[in-house]
Every structure is written in C-alpha cells, then in structure tokens.
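Structure provided below as structure tokens; questions to follow.
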Amino acid sequence: MSLTQTVAEKTAELNMVWVAVACILVFLMQAGFMFLEIGFSRQKNAGTGVAKILVNFAICTIAWWAVGYGIAEGGGNEIFGDSGFFFHFDQTVAGELVTGETAMLMLYGLAFCAVSLAIVWGTTLERIKFGAYVVYAIVFGAVIYPLVAHAVWGGGLLSDIGGKPVMDFAGSSVVHLTGAVGALAALLLLGPRRGKYDAQGRPRAIPGHSMPLVGLGVIILWIGWFGFNGGSTFETSASFFGEVMLNTQLAAAAGVIGASLAVYLKGRAVDVGMAGNGAIAGLVGITAPAGFVEYWAAPIIGLVAGVLVVFAVLAIDKKVDDPVGALSAHGLAGIWGTLAVGIFASPRLISEGAGSGLWYGIFGDESLGSAFGQLGVQGLAVLFTFAVVFAISIATFFGIKKTIGLRVPAAEEDAGLDISSHGMYGYPEAFIPQPEYSTGLPEAVARPAASAPTPPRLAPEAG
Amino acid sequence: MKKIEAFIRHEAFEPIRAELLDRGFPSLSILEAKGSGRQKGIVEHYRGSTLTVNVRPKLKLEVVVEDEDCQVVVEAILRHARTGEIGDGKIFVLPVEEAIRIRTGESGHEVLQLHDGAEASA
Amino acid sequence: MKKIEAFIRHEAFEPIRAELLDRGFPSLSILEAKGSGRQKGIVEHYRGSTLTVNVRPKLKLEVVVEDEDCQVVVEAILRHARTGEIGDGKIFVLPVEEAIRIRTGESGHEVLQLHDGAEASA
Amino acid sequence: MKKIEAFIRHEAFEPIRAELLDRGFPSLSILEAKGSGRQKGIVEHYRGSTLTVNVRPKLKLEVVVEDEDCQVVVEAILRHARTGEIGDGKIFVLPVEEAIRIRTGESGHEVLQLHDGAEASA
Amino acid sequence: MSLTQTVAEKTAELNMVWVAVACILVFLMQAGFMFLEIGFSRQKNAGTGVAKILVNFAICTIAWWAVGYGIAEGGGNEIFGDSGFFFHFDQTVAGELVTGETAMLMLYGLAFCAVSLAIVWGTTLERIKFGAYVVYAIVFGAVIYPLVAHAVWGGGLLSDIGGKPVMDFAGSSVVHLTGAVGALAALLLLGPRRGKYDAQGRPRAIPGHSMPLVGLGVIILWIGWFGFNGGSTFETSASFFGEVMLNTQLAAAAGVIGASLAVYLKGRAVDVGMAGNGAIAGLVGITAPAGFVEYWAAPIIGLVAGVLVVFAVLAIDKKVDDPVGALSAHGLAGIWGTLAVGIFASPRLISEGAGSGLWYGIFGDESLGSAFGQLGVQGLAVLFTFAVVFAISIATFFGIKKTIGLRVPAAEEDAGLDISSHGMYGYPEAFIPQPEYSTGLPEAVARPAASAPTPPRLAPEAG
Amino acid sequence: MSLTQTVAEKTAELNMVWVAVACILVFLMQAGFMFLEIGFSRQKNAGTGVAKILVNFAICTIAWWAVGYGIAEGGGNEIFGDSGFFFHFDQTVAGELVTGETAMLMLYGLAFCAVSLAIVWGTTLERIKFGAYVVYAIVFGAVIYPLVAHAVWGGGLLSDIGGKPVMDFAGSSVVHLTGAVGALAALLLLGPRRGKYDAQGRPRAIPGHSMPLVGLGVIILWIGWFGFNGGSTFETSASFFGEVMLNTQLAAAAGVIGASLAVYLKGRAVDVGMAGNGAIAGLVGITAPAGFVEYWAAPIIGLVAGVLVVFAVLAIDKKVDDPVGALSAHGLAGIWGTLAVGIFASPRLISEGAGSGLWYGIFGDESLGSAFGQLGVQGLAVLFTFAVVFAISIATFFGIKKTIGLRVPAAEEDAGLDISSHGMYGYPEAFIPQPEYSTGLPEAVARPAASAPTPPRLAPEAG
C-alpha cells in the first residue's frame, strides 16, 4: 500500500475516532434526559423515567436500523432515502458500499434520532401511558425524524431552496425543534396533570422531587453537547471542532447567565431548574449556528436563548402543562437558533451557496439581499419542520388515544406511574406521602403474596 | 377540651384544613401514618416476585378544641374525607385535661383556636 | 398518669431532652409532624410559579409521667421551647390509664421514668 | 373504648399485626417515631469525628378497641414485642370517648374492629 | 525520521488514543456497577457500595500492577505469563521493552480486570463483611482473572485448541462469566439475606431503594460498553470499531426489548430493574461475538439474552439470593454470548484458524464439521473458565470464612452495613425505618460524643 | 499539499482530538465537584449546589474568554500575558494567529480554571451568600487563576528560576493549591457553620446527607483526572499519555488504600467519605508529578497523600470548618504533590534545565545539589501560589463581606440555603426535619399563592 493511501486511510480513521467519541457523548445524553425528567417529576413517578428511557432508546435503535436510517441517509429523492434498510454488510447505501465508516456514521445518526425522541416526552411526564412510548417511538425512529433529517442533511428538500441550503449545523431545528413539536402534539392531546390548574384555571407549581438529579441531567447534557456539536464536523480538518466546541461552551455559559439573571430579577431567587433550563436553551440555540458563527456571536445567541426560556416557561405555564420546559428550551430556543444562523452566520464559515447573516449585510460588506434570503430559508426550515412533525405526530398520538389510550386513569395518576405501571415505587422505601392507590396490578396477575395469604376477613366486601 | 384524632386519606386534608380555617379553627397538626383496616393491602411487583404491603399510607390529623366545638370539627372532617369507599378512615375523640400555649405560657381553652372572636385580625 | 403532648420547634428538642434527662425523665418519644396555627405558611418558588405551604414542620414530643411530675415536664418544655415568636407551639395534657413496660411486662407508674430513686445508677 | 399506644421495635410489628388480624383486630395504625429511655443512644462516626444520636427509631402502634378487648391487644403486643433486651418499649392505655367511621358516619364501638361477628366475610 | 516511520508512529498513537478513550469508558463502568448495586440495595446499605467500589478498584489496581498483568500478558507458558511484574520502565514484557503503548494497554487490561471483579459482588450485597472484599480483590486481581485472560488472550491454553482458537472478542466469558462464577462461589458460602425466604422457603421480594440509581448504573454501563467492545479492536484499521459498536448497540437494544416484553407478558408490569437487566444481558451476550458477527445477528443475540435473563432471574430467585441478578445477566448471558459466537460467527470476520458459526454451516457453504468444532471450543472455554474460577474462588472464600469471617452478624445485617461497618448511614438524615442497631462501633473505639458526655443514668444496667 | 505537510497537519489534529477528549473529561469534573459537595451537605442545602456549579462554570467561562485566557497564555511579560482578550478569530495571541487548535487549547485551559474555581467553594458550603459566587468567580476566572497559570505555564516568573523551571505537570499547585488557598481565604472570613463547634469549642460531626452522591462525585472526578493529567501532554508522541494515565491510576489507588487504612486503624470503620477523600488526595498528589516520575513512585506518592488527608482532615476539623476536606485534599495534597516532584522526578523525564528528584541524587548518580535546587524551586512555587492567591482572594472576599455580605443570616442558614436563596427545597417532597424558616422570599416579591389567597386570620398579628 502506498504511503499516500495509508495516510488517506488513517485520516479517515482519525475522523471516525472523533465521530466515535462524539457518538458516545451523544448517547450519554440519554442519561441527561433521564435525570432531567426524573428530577422534575414527583417521587411517585421516578422509576418510570428509567424504564421509559431504556425502552425508547431500544426501540428507536431497532427502528432506525431497520427503516429510519435508510429514509434519512439512503440517497433517494427529495422526500426520502431509498436504500440502507435493515442496514447490513455488502449493502449499497446511497450508492456506496457499507464499510466500518458507514456503520460509525449510521450509529452517530441514531444518537441524534434518540436525542430528538427523548425531547418529546418532556411534556408528557407523570400521566402518559407506557404503551404510548412504544408506539410513537417506532413511528418517530422509522419515519418522523428521518424525514426531517433527510430534508436538511440527506440531500432533501431543504438542502437547496433556490440555490441556498438551510444551515443547521447540528440540529437546532432538525433535532431539537423536531422533538419539541412532537412534545407539543402529545401535550395537546394529553392535557395537564391533575391539580396543575385550580378551579379558576390558574397554574400551580408542582415541584419535581430532586434538584440534584436535575443538576445531574443538565450537566450530562452539557457535556454531551460537545459530542453533539463538536462531532458534527464529521472530521478533524484544521481542528475546526475546537472552534465549534468553544462556541458551544460560550453559548451555554451565556444561557445560564441569561436565565439566572432573568429569573432572579423576576423573583429574587436563583431558581435551580431555570438555571438548568438556561444552559439547555443556550446549547439548543447554538446547535444550528455552532459551525457558522464567530466566537463573539456565541454568547449573544446563548444569552438571548437563556432569557427567552425564562419568559417562555412562565408564559407557557399559564396555558399548558410542560413540566420540564421542553417547549421552551428545545422548541423556542431551537427556532431562535435556526434563525440566529441567518443573523450571525460569518462569511468565512457559511456553506456553499448560502448567504451570510444579516449582521454582515448591515454592518459589513455582504449582500443584504442574500442575507435576507438566507434568513427566509432558515425560517422555511422552521415552518417545514413544524408542519411535517406536527402532522405525523398528532395523527400518531390521536391513533394511540383511540386505540390503547394515551393517558392513565385518574387513580393511577394520583398513585403515580411507578406503582401503577411498573408495579413498584421508584423509591420503594420512601414513606410515600401521596394519595393511596387501592390496588397494585390487576388481581388476576398478582400472585398471592409469599409471606402469608391475604386473610379473607380483610376483603372489601366484609361488613 | 377534646382531642380529635382522625386517620384520613392524604387528598382529604387540604379541603378539611380550608374549611376549619374558615370556621375559626386554624390550629391543627398532621402526621404521616400507615394503617390497616378493612382496606386490603396492595401487591407490589419487583423483579418478577411479589410483595404484599399490608398497611396503607394515611394522614393522621390532630385537632384539640373545646368540648362544644368538637362536633363542628368532626362534621368538617366527615364532609371532606368521605368518599364512600373502603379506606376512608376513622375519627377518635379523646379527653384533654390541659392546654398551654408555649409562646405565652397561658393555659386553658382560650389558647386552642381563634374562633372566640377578639383574636382574629389582619 | 398523664401524657404530655407538645408540638415544638425542632431546635428546642435537644435542650428539653437534656434537662428532662437531668431531672430524671429519660423516657420520651418524638414524631415528625406538620402543623398550622397562627403561624403563616411559607411561599415557595419554583420555575417562576409560587406554591403556598400551609403547614410547617414541627416536632411532636410525647412524655408519659406520673400525675405529680406533669408540672415539671411542662415547665421544662416551656423553658426551652419558648422564643416568644409565633409558632412556638402548644402543650396538651391527656389522661393515661395504664402503662406497661414491654421488656418485663410490669405495669403501673413505676415503669414510666427513672426518677423514683432506686433505679438510677451507672 | 380505649386507645392502646405502644412504642415497639420495627421488627415486632409484623407478627403483632398478623396475630391481631387473626384475633379479629385488623384495624390499627403505625407511625414512625424516635425515642429515648433506658436504651443508650448510638455513636455514629463521620470523617473521623463522632456524633451521639440520643433517640432511637421506634414504631408507634395505635389501636383503638372496646374496653374489654384491651387486654387481648396488650397481650398480643407483649407476646411479640418482648425480646427481654433494653429498648423493647412501652405500652400506654388512654381513654377514648367516641369513635366514628368516616365512610359511613356511624359511631360507637361497633366501628372499631371486626371481631363482633357478623361483619367478617370474604 | 522518515515519513514512513512518522506515519507508522502516528498510526500507533492513533490506535492508542482510541484505546485510551475506550479505557476511560471502561473505568467509568465502575460507577455503573456502583449505582446498579446501590440502587438494588436497601437504603441502610447504600453507603457501603461506595466504599466497596473505591477499595476494590484500588486494590485491584495495585494487584494487577504488581502481579496480575504479568500473569495475564507476560508471555510465558500456556498457564501463566512470567514477565511484567511490578510493571516498570526499562522492563521487558513478553519479549518487548515497555513503552507508552505498553502502559496504555496494561491500563486497559486493568480496566477489564476491575469490571470482572465488580461483577463478583452483585450476589453478596447487604450481608458480606467488608474485609472479604479486601482479601478476595487481591487474589482476583493478582491470580484469578489473569489466569483466565492468559488462557484466552495471552497465548495460553485456550488460544489454540486443536488449531482452533476460542473466539471471545471482548470477554463474555473471560470477563463476565469469570465475574459471575466468583459471584456464585461467594453466594454459596454466604447464603441468602435474612428474610429473603419465608418459613416455607418461598422467596420474598426485597426491593432495592432507588430505581433512579439503578437507571444511572445501567446507562453508565451501556455507555461504557462502547469502550469495552469498541476498544477491543486495539486499533482503528478500516474503522472496524464502528462495526463493533453498532453490533453492541443493536444487541443492547434487543436485550431491553426482550426483557421488557418477557416481564410484561408475565406480570403486566414493565419492571424497571428487569428492563435494566435486559440491557446488561444484551450487552454481555454481544461481548464475545461483537467483532465476529454480522449486524443481523446482533439483535437476535441480544433478544435471546434479554428473554433469558428474565426467566433466569425468576428461576434463580427461587433457590438462591442474587439481589442484582449477576448470575443471570453476567453468568448465563456470558455463556450464551460465548456459544453464540459458535452459532453466528461470520466467515469474513473469524479469527485465523477458527471455524465459522453453525448458521453458515447449515444455511451457507461453510464446513459444518468445522462449525461444530468451533462451537465445541467455545463450550470448552465456558467449562474451563467455570472450573478454574470456581475452584480458586471457593477456596479463597472458604479461607476468608474460616479466618476473618465472610458474613456480618445478624444484628449488623438487620441494622445495615452502613452503620455497622462504616459507622454512619449512607443517608444520615433519612428517618431510617429499620430494625435498630443497639450500638455503633465497639465502645472502646467510640470516643465520647462531643456534645455532652453520655449521662450515667442512661446506662443499660440502670433499673 | 505535500504528503509531509498532510502528515504534519494530521498529527496536529490527532493531538487536538486527544486534547478535546481530555477537555471534555475535565469539564465533566464539574459534575464531580457538584456531587461531592451536594453529598457532603445536609439535604436542606442540596439544590444550591446545582445552581452554584452552573453559575460558576458559566461566569468563569465568560471571564476566561474575555480576560483570563489573555493573562494566562497571551505571552506578554513575566507577570501577565497581554494578548488574546475577548478571544476571537483573526486575533494574534502570543505572536500566533488564532486557529482551531488555539481554540481547542484555550478551551482546555478554561476547563482547568473552572476546576480550580470549583475547589474554592468546598469550605464554604451551607452558609455562603449566593452573590459571593458571582463576584469571586469573575475575579478568579479573569485574574487569580490566570496569574498563577501564567507564572508556571505561560512563560512567567516560575518558568525559569535561576535556570530551573518549576515542574508542575498538570497543576498540583497551579490548579489544586490555588483552589484550596482561595478556599482558605473564604473560610477565614466566613467562620464555621452554626452548630459545628459546641460551647467548649469541640467540633461536632455534621454529616452530609448522601454518601451515594459523594461516591458519584468521587468516581466522576477520578475518571475526569485521566483527561486532567493525560491531556496535559498536549500531544500523543510515543503514546506518553499512557504513562501519565498509569501513574495517575496507581496514585489514586494508593490514595484510597492509604486513607481507608488510616481511618480504619483510627476508628475501626472504613469511613466512606474518607475513602473518597483518599482517592482525591492521591490524584491531587500525582497531578504535578504525573509526567515526571516512574511507575514505582506513583503508588508511594498516592499512599502518602491518602494517609496525609486523613490526619489533616482530623486536625483541621478541630479549628476550622471545612465540610468536604478541600484544604486537606486539594491544599495539603497539592503541596505534597508539588514537592514530590522534587523528590521523585526521574532524570529521563524532567523538563529541560530542571534537576532530578532527591531520590536520584541520594540513591543514583544525579547531582544532589541540583536536586536540592529543584526541590527549592518546587517549594518556591508553593509559596508564590499561596501568596498571590491568598492576597487577592482575601481582598476580594473582604470586599464582598463589606458590600453585599458574605454569609447568610442565621435564620436562613438554619432553614437551609435552598429555601432561602432559591425559594424551594432541593428535595421538595422530603419531610424536612429541620428548623423551620419563618418565611420564603421577601414578602414584596412573593406573589399571592395561586391556590387560595392567604386568609387574613392567619396573619401573625392576629391575637
């Protein structure tokens, strides 16, 4: 083998090592979502969060392997890819034979899909039926996310709008907005948790049970984002990932500062959850621009996202019940991030054919028309994502509602999903100061207790 | 003076508290309890095995009032704690011989609640 | 025999326990309680919304003593539990008809505390 | 009617509950308590320093029964809670004036337990 | 330096960067085991899990450095290696001078040894004496694991059985079965936790205290496995690690699905712990085959492992007390994984001299005889591992039992290991609803409390 | 592009991939400090730990980007750097144009600064005002840490003392001692927690609320340290990072063993927190020597650090209140590590111009004079770090004390910082067995509760 060839191969491998690292970090984000959601739930719903993440991650993996990857990255037409199903060796995907590199990139794509799916459930905590996860995860992993990913990153509709591509570096829109729109669809059909609004429709705080777990979730997500954004370079040339990572950190930091300050000024308290939401919002905001903007723009993008998330959470809470703030932190911040590219994209960094950000049109020498055009394209990506994801999601959740049901009965909600859907509290030893649950699982299933048969006198019919 | 001890469902407490407050009985205490009665225990599932829990979480409400107020409190509890389902709980009334407000050291039934007029103001 | 039930602040317990021990009343029990009275609830803040908690954490102290010792115990409680601020709590005295030491099965007021002389030693 | 209050070790509860159930006394309540008595506190160690905890975890059992059943319950408790070691706990008996079943509103001692015959069935 | 040489060096360094990443991920698995075990313990035994992992990891490190590494990888004969003890610079190990690369690989080997050791303790929770960890960890890190590793990976007995090598890519047998067999030996001498079986010998559930911590453990292990399997390529050629990682993910996902489905069908509840066990079982199952099978085989292997683990946990629970399911998830799934290589090993991926899997003998053109031979070899690996590990382990635990003792007294078990072995509860502020413990540590040791001398009247002799 | 050039570029990128991995690991250490501190706090102060880390990390990021990096690494004079402020593209830092590589290294520098800052707060738990974090974090990230880093690593004063450079591989002194000295300054002005000392001045144990969270913190820190030390090679030549990582692991292991043994011998209990402190101390101890000593020296350094930390914690506890043992584990172990270089530095590994360790002067052929000289230089680094950091820190904290105040009022301390500074308990559902807090946030801010207006009769003035 010639040295040139060796160097080319090692270069490809170096790229894949970097993608592998990034992929593992993005997988780790599953733990981030797990703990963010568990922390923001009451303790009677702490265990279900574990089962949810595991089952979702699993189903999403199989759906992506069997169908989703093919639709997203299998070449094909402007709407969907048409190769790479049941991903296997000796297969041709989008005209190329499958290699170890393909496998690595396919896995990295899965990691993104799984993050997007995890976002969906943020609005549904503490009342959704477990079966809903199973059904929607299949549709999401096989169809919903792949369609959006194909449109932007797979050579689909949004990769060329009148010559301009949508610029979404790591998925403010493709991943985060998609998840948030799914979350909105679910929420509209689910309604709020019992007790969230009083008789007059005023919202009540339903505090989650563990801020330390929320903190664990936030910091894991933050760390994972270096893989999320940093790995979206897909290669290591000029150590450009370093620039992307620095932008990511600056925006996250500014997000925390923006949110903490906003919530402090509103209420004299540095709300722990809001500080966390600020970090997430900053990160979501920088996800699209990470590879397209200069360092100075990153803290601005993050700061806006952080302030935005506080006001959005407060406003949204008045009407709909979003326990973790997914609509705000992933939805609105995702939109902001996608549009922010149109404002701040630096001429030296933009994709081929794309316009620079408005900033450079106004304060610099770039064409203002092209800048506006690009901003329009970014806006179109938001609309497209919203429309496609919302349509399929609402249809899917509606189907679930009409068949297996979307929401648990009130008694199960009061008792908590842990005991009612999983047969056991998430903290079995905790003295659960909660409305009681009259029975465990259906009698037929419950085998007689090992210790002693339930004595007949205790039966409800007695006396 | 009487002490009213009631074992109730957790969800019944808030309406009881609100009504008692309205009627001039702001002072009360609660404790976490577990109990058994006619209500069956529940069967928990864990790693494929089962576990019968024979006591269910209840809230124990304690209110000390003058003899003549006893009925009012009992009625307030009955009104909000009754669902008609097994497990609603029980109320017990015990005699109390003395009551002392720690803050002031004064004793007697005037320390018990607010309803005797003069005390209540902004 | 009398049972003294006191709702006190958590921080008052340790000095009360120490004094009672000193005076020959080592035996007592405590339970976590929450209560309302004149003391206002507090307003918690969470993600920009508020939440009013109407009951405040208190400690419930239970001591059973002979009739003649009742006063001593009440005084010890008053001494250490009083801050003069709203929320200091209340003391109630209830009649007790029987007392039994489980370990020995013996009953009567000699099982209650140690102060009646002979018992106390290293 | 009498209220039996017993401070027992946690591990004694299950056999007591089982026997009481067998004898027709399914209704009872428990609360987590901590107590001191003759039993010494324990010394905990943390980062090289020590910490003496003067109260030990106990379970407080509360059972209200008719006067004539008092003895049976006390005996059941004594049978299972006695280990002969310091720390077995105490039983106190208090008078109760009224008992009401919340579910039905009926009062009197027939609401207390199941043992008076007719009620018990599948 | 010539360019060729530079490229060769950089290639080696790229490999080592990948191994370093993998190594750190496998170290992270210690946290996975910590939380899996803590979550599955009652809260009175939550703190000991922390001390256990730290002390074990520490002892294992020193034992491996001083002795174990030499036995495992120090060349030598078919039974044990004979160089590399007290690993140091200027030393020759298996004929090669120690370099930075050697250090990296030695550390990676330690990470595997420590995982194997961590598995052992899953069966022993809530009743074992702390001293047992210390003694067994020395023996395990210095002798037991190294012997097995040497046999399969160090050029020992199992690396050539009649010309065929055992194929165990990352250690279904070497690491996981080894740990599980140690666990079995410990369990047999320890007996069940007090209260686990009633008078009639029927098992009672003893729920662990925190499903969120179990979830944390599972997801950390899952993530760590990408280092475990992915790093076992030891190099980056053709980004083959991507294939290995994809297989890993597919099997883990199928494991969750298999276990969740099985436990749901049995009891209408998606048991949180079982879903987690399913993930682990899927991962253990794919550990041996990860680099030898095609993508389509991975979900099958994982699914079988996931279903298997549910029935195994239920069956084993009837007789012996394995709180975390280590015998099932690591033992049986480890055996299944080792044998699965003999069923699914793809002709394009097998080791030199090895036979393909049965599948290719039956449905393909490969020699059925050679396939059966390979399956036999895989079975032999299982038997060998079982025999060696069991013999040394039971002897060691027996020695511990006869000397310092293996199990804490009943009163200490009832009170919990935290207060009795570590002097303090793992959650000191929790209102511990547990049988009381009459004393802390031995009086002699307990210095008088700082706050006030214990008054004489309180003494037990009083009255 | 010539092949030579390509290889050079890919080599640089490989280095940066390694630094990126290391950087992410060091960022992860923020989670380690978060959980170490939360676990060592009472549950009434669990939530503030989350907010603290997020806000600190955020502020430190912006301060470093704007000012700190320039001072630390911006060339300049012996005291401070003078370029690289508001780090941006097209900028010249220390004479070089900013590239992706510069960004990556700048981010890695930030990770160290953030670790150092996190250490500061260990002594201040459960009583400090939240505002103090904000102010000090700005000063620390912009000035304090950068000055020390510049002195040792940025070509400043300590990089050449009479021809000899201070050898501090990854910052026993620059990072850990710096943090600990800040912690000391804060502590001196803060005083102990209420109830820590009795009337006679004897210390009382105030146990933290969760040993599992302490365990999580410790193991995350341990893992992160592979990035901390391993990444401080800044490149991959000869896979030297492997040697550094092995040293790190050996010292950490020995630290656990040393501390566990010491605390067990003193009190018959393997204190969980002390075992953790032992790991940290071992790691801090090896931080300076990691790249300068042979493998055999690492366990010695770790063991000494582990034993030291136990006695130091006990001694310090008698006088001042350091809830997590930061003064011992980071301060004393940091000093020990810095000096240990002067004792054990191996001739083959020392920096240019530096002297070998005393050991090689006494038992080897190296010049004893030069060895003593080097030990003196190492001691100078300790003194310099102490002086600079203490002076600026005490001034800053004094300023804070005189303006916004350093410590919360006693009532807020009793009630816990969660409810008083953040408006909500960290575990809102926990039955908080704590002194009550008479009010939430200032009345003016507290909007009327949603559920029902507070009834007038309940007002304090009543009756």
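Order of writing sets the chain letters: A, B, C, D, E and F. Residues in each chain are counted from 1.
We adopt the following convention: contacts are C-beta pairs under 8 Å (C-beta built on N, C-alpha and C of every residue); 3 or more make two chains touch, one makes a residue touch a chain.
Keep in mind that this is a model prediction, so the values were computed, not measured.
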(message) Just to be sure I understand: going only through chains that touch, what's the smallest number of steps from subunit B to subunit C?
(response) 1
(request) Could you tell me which pair, D-F or A-B, is linked by more C-beta pairs in contact? (result) A-B
(request) Report the inter-chain centroid distance for subunit A and subunit D in whole angstrom, where each centroid is the mean of the CA atoms. (result) 51
(request) Compute the distance, rounded to whole Å, between the mean C-alpha positions of subunit C and subunit D. (result) 19
(request) Mark out which residues of subunit F touch at least two other chains, giving numbers and ranges. (result) 3, 7, 10, 14, 17, 21, 203-205, 207, 216, 267, 269, 271, 422-425, 428, 431, 433, 441, 450-452, 458-459, 462-463
(message) Quick check: what residues of subunit B touch more than one other chain, meaning two or more?
(response) 21, 26, 31-32, 34, 36, 38, 44-46, 49-51, 58, 85-87, 94-95, 114
(message) Under the stated contact criterion, what part of subunit A meets subunit C in this complex?
(response) 203-205, 207, 263, 266-267, 269, 271, 273-274, 277, 310, 313-314, 317, 325
(message) If we count contacts the way the header does, which residues on subunit C are in touch with subunit F in the complex?
(response) 9-11, 32, 34, 36, 38-46, 49-52, 56-59, 85-87
(request) Could you pull out which subunit B residues touch subunit E in their complex? (result) 44-51
(request) Using the touch definition up top, name the residues of subunit E that touch subunit D in the complex. (result) 414, 419, 422-425, 428, 431-441, 446-452, 454, 458-460, 462-463
(message) If we count contacts the way the header does, which residues on subunit D are in touch with subunit C in the complex?
(response) 2, 6-8, 31-38, 54-55, 58, 60, 74, 77-78, 81-95
